[in-house]
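Two complexes, one shared chain (chain A), two partners (chain B, chain C).
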Partner chain A sequence: MFERMIRSNWFVPITVILIILFLLPIAAPRFYVYILALIYVTALLAMSLNMVVGHGGMFQFHHAVFYGVGAYTVALMLTKTKLPLWVGFIAGPLVAAITGLIIGWFCVRLTRLYFGMLQISLGSLIWAIVFRWYSFTGGDDGIHGVSMPSFLSSLNHSYYFILVVFLICLVLMYMIFRSPFGSTLQAIRDNAQRCEAVGINVRLYQLGGIVVATFFAGVAGVLFVVLERSVFAEMLFWVLSLEIFIMCLLGGWFTFAGPILGAAMIVALRTFVGKYTEYWTLILGVILILVIFFLPEGVMGFFQDLLKPASKELSERGR
Partner chain B sequence: MTFGGAELICQLLVGISRSMILFIVCAGLSFVLGVLRVPNIAHGSLYMIGAFATFSITKMFAGSTGFWIALILAPLLVALVSLIAERALFQHLYQREHLMLLLFTFAISLILGDLVKIVWGAEYKSVSAPALLKGSISLLGASFPRYNLFLILIGPLVAIALWLFTIKTKIGKISRAAAVDREMVGVLGINVSWVFAIAFVIGCYLAGVGGALVAPTVSITLGMDHTLIIEAFLIVIIGGLGNMWGALVGSLIFGITHSFGVLFWPQFAIVFPYIAVVIVLLLRPKGLLKSVW
Partner chain C sequence: MLQVEGVMKSFDGFMAVNGANLTVGKGEIVAVIGPNGAGKTTLFNLITGTLRRDRGRIVFKGEDISELPPYEICKRGISRSYQIVNIFPRLTVFGNVQVAVLSHQRKSSNLFRPAQNIAVEETRRILESVGLLNKEKSIAGSLSHGDQKILEIAIALGNEPELLILDEPTAGMSPEETSATMELVRRLAKTRGLTILFCEHDMDIVFSVAQSIMVMRYGQTIIQASPEEVRNNKEVQEAYLGGE
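What follows is the complex of A and B.
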């Protein structure tokens, strides 16, 4: 496997990018280090959504809930209990995955729009509880000032921690994407009926996909707490869910790395355009409309098509 | 906890009056979903524009005539905005898949949201009800706001008007036919593009009416579109897509569970409607009444 990796065309550029990312905090100003770390967190969240939406073809309309549940779990454990840090870090993704299992168990009985709407109502239920339960979750104020141990105290340390976790998750997600499990999910996306006929338990696989994706969303939630040291109820609001959706769309649904690009675009847009004008969502809306009109496969999908016109033609002929 | 019968009935009526605003907005959303198959997230933004426009128009006139004029003009303004959006953008995208349309309408709602911020600013606004509807009447010993009574009366009026429109008028009939089979309608030589435009504008007009009616009862603020649209979608889904009576039933479920939530456990009142929606979706995933999809 390693031999194949080294021989691949991507090996050199990826290594160069990784070295740059690891060396960056030494030279770059704090602000850029922070923005990059935020991009990793958001990208991980967008990729976890893409596992179910792009690769699984499910209408996962309320993904932000699992991100928020992961973040709130770790923040609550660190502020309300004396449990060691790592317990919280493991509990965050696990609780998110369990929430995913419960919500997904209800949702996979339905299809498409109904699936999405049931998920929105179940997710909004969790949001409403978090939003109103002032004594426990802090309500709409959220929780601020979550204390971190000394090895995560400075921004650079948090940056490295987030980068390493992000890369580990990336490798894991790629392995899942390429595994028989991942291929089965993609097959279900393309033709659920045929998969059923071949004897695949479609609902079980979909539920599995949701659990895996919500686990990674929980990891992203934990990383958010590491970076920001606070959580707030908007993390579970449906507007964020649609924003993540937009990241997947901007980057490209069907590509593996597209959502990273989409997340980077949104975070950069909010930070840099937001500096000059408070109307950055207006610009986001216009960009989105342009993408929908002219690049329906997303930016990454567009370039992939440019690079590999022959293979696309082949796959179309194969259909 | 014990409550008197009068209190319960009053709370029920408050719930129904809130449901009527929801119903008017949801009937529009459901109509657009049924005829055009567009899950229009921007519907909430149009509702917000309706409320803000009502604020501005009411301020322009002295006394309580302003509100009545606003009730007519604000929805028309919303209809105009939606007509522009439909002719310029929506009409090119009807063939796209739902997910794409959803994100597209979300993009429109982002733009409209910021436009509202540019025009009206970020402060809270409030509209006072006209003199005729101010104050409250006594009902079984409890006091009940007059404005809510007005809402309870106007809701059924809108329902009947919309129902007559869809079964009696030619455009209504064509739009019902287009909801079932749009290609066939096109084959019959009807200009489907304009039928869609009219249906879209009527749906959005209802969002404007809802926004104008809600204005005296809440503080008008940015973000009111976000809370409303998600409720509206859930109501349309539990009622049955494209079914106007379904929207009515869904709105009543949503409004009444919320108002009883306020009575019994105010802190978590907003949780109750969501629980009701989950129960309905688990028992009848395709909605309570027949969907046109």
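What follows is the complex of A and C.
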């Protein structure tokens, strides 16, 4: 497997990118380090959404809820209890996954748009609870000043922590993407009826996919707290869900890494164009229209198609 | 092996299947014939659990399966192909069959092993037996119609069924493809010891391949008998074969 990794034509570019990302905090200004870390967190969230939407074919319209639940879980545990840090870090994704299980349990009974409508309603319910329950969640004030231990105290340290967790999650997600579970999920996306006919309990697998994806969304939520030291109710608002949906669309539904690209594009656009005009979404809109018309498989999908002849030959040699 | 007894199914008051009876013995090749709208596809959907019957019993290997969901029925040994191509268009040809093989081997829920190393042998053997091995890397949606219909059968074989149900396996095929496909079906039945239940419009095929024929009209079973008897049956001749 190692040998194949090295021979793959992705190996060199990926190694170079990784080295740059690890060395960056030494040279780059604080602000850029922060933006990059934010891109990792957002990218992880978008990729977790793509697991259900792009690979699973389910209309998970309100995915940000699980991100928020993960973040709130860790923030609440660190501010209101004396439990050690790592308990909170593990609890965040777990509570997110349990929330995903409960909401998903109802949603998989429906299909397509009906699934989406129910999911958005149940998700909004959780947002409303967080938004209204002042005494517990801080309502629209959120929770600020979550204290982190010394090894995460500086921005550079948080950056490395976030980068490493992000990379671990990427590897795990890639393994799941390529696993029998992943390919079964993609088969369900393609044709759920046929899956039932070959002996697959479609609802169970869809629910499994949701639980795994919401777990990773919870991880992203935890990383957000590490980066920002605060949480707020907007993290569970449907607007963010729409934004990460667009990231998947921009990057490419059916690719694995597309959402990273989509997340980077949107975060960068908001940061750098948003500096000059509050109407940066206008530019996003134009880009989106262009992508839908000219790159229907997303930006990543487009590049993958370009590289296909080369990579196909290689995989045949690898067999 | 399979008994269908007095099965009925209505859609909004329309009796699509109104008293169907069918017996399929182990190792037999049984055909269901009848004019368009006679309820053949609906009957197949009832047997495989895609639809739930209103009344009657469907018994497979001594067990009443009429209340089971499709995936449970599949696990008991019934696979099917569809009249209208029903594959996984974005997956490769290999991936299409592998999904079924993984499901059959109860390995679909494996999370961390790469799928490309699992069930490869079995999947490729099936592709070889239907003659699609040279196209295993093609995206299924890009195959010709004839190949997609063959892939239909290959997916169904992935579950190593005892009873294979083929809903018009040659629909939309050229005459050459049709005879090749029926030859394939006959060979599969022999080499794999499959029991086959199929429906088909081409009477030449039906009478040359089937060992037993069930005739349906208006959702009802008129008769199930050997090809000889069906050919000589007065009622069938009047109702269906045009009473030559």
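The criterion applied here is as follows: the second predicted complex is superposed on the first by the 308 of 319 C-alpha atoms of A that agree within 3 Å, B and C clash if a C-alpha of one lies under 4 Å from a C-alpha of the other, contacts with A are read in each partner's own complex, and residues count from 1 in each chain.
By definition in this document, a residue touches a chain if its C-beta (ideal position, glycine included) is under 8 Å from a C-beta of that chain, and two chains touch if they have at least 3 such contacts.
Just so it is clear, the model here is predicted, and its values are computed rather than measured.
Chemist: Is this a clash or a fit when chain B and chain C both end up on chain A?
Modeler: Here the two partners, once superposed via chain A, fit next to each other without clashing.
Chemist: Could you look at A:Pro296 and tell me whether it touches chain B, chain C, both or neither (first, second, both, neither)?
Modeler: A:Pro296 sits against chain B, while chain C stays out of touch.
Chemist: Considering only the touch criterion stated at the top, classify A:Tyr205 as touching first (chain B), second (chain C), both, or neither.
Modeler: The second partner, chain C, only.
Chemist: Going by the touch definition up top, name the partner, chain B or chain C, that contacts more of chain A.
Modeler: B
Chemist: Mind working out whether A:Gln186 is in touch with chain B, chain C, both or neither, as first, second, both or neither?
Modeler: second
Chemist: Check whether A:Pro149 is in contact with chain B, with chain C, with both or with neither, and answer first, second, both or neither.
Modeler: neither
Chemist: Which value in Å is the smallest Cα separation between chain B and chain C when the structures are fitted on chain A?
Modeler: 14
Chemist: Under the stated contact criterion, what part of chain C meets chain A in this complex?
Modeler: Residue positions touching the partner: 48, 50, 69-71, 74-75, 79-80, 82, 86-91, 95-96, 98-100, 102-104, 107-116, 118, 137, 155-156, 158-159.
Chemist: Which residues of chain A touch chain C in the complex?
Modeler: Touching chain C: residues 172, 175-176, 178-184, 186-187, 189-191, 193-202, 205, 208, 212, 254, 312, 316 of chain A.
Chemist: Quick check: in the complex, which residue numbers of chain B touch chain A?
Modeler: Listed in rising order, the residues are 39, 41, 89, 92-93, 96, 98-100, 103-104, 106-111, 113-115, 117-118, 226, 230, 233-234, 237, 241, 267-268, 270-271, 274-275, 277-278, 281-282, 285-286.
Chemist: Would you pull the chain A residues touching chain B in the complex into a rising list?
Modeler: Those residues of chain A that touch chain B are 59, 106, 109-110, 112-114, 117-118, 120-122, 124-125, 128-129, 131-134, 237-239, 242, 245-246, 249, 278-279, 281-282, 284-286, 288-289, 292-293, 296.
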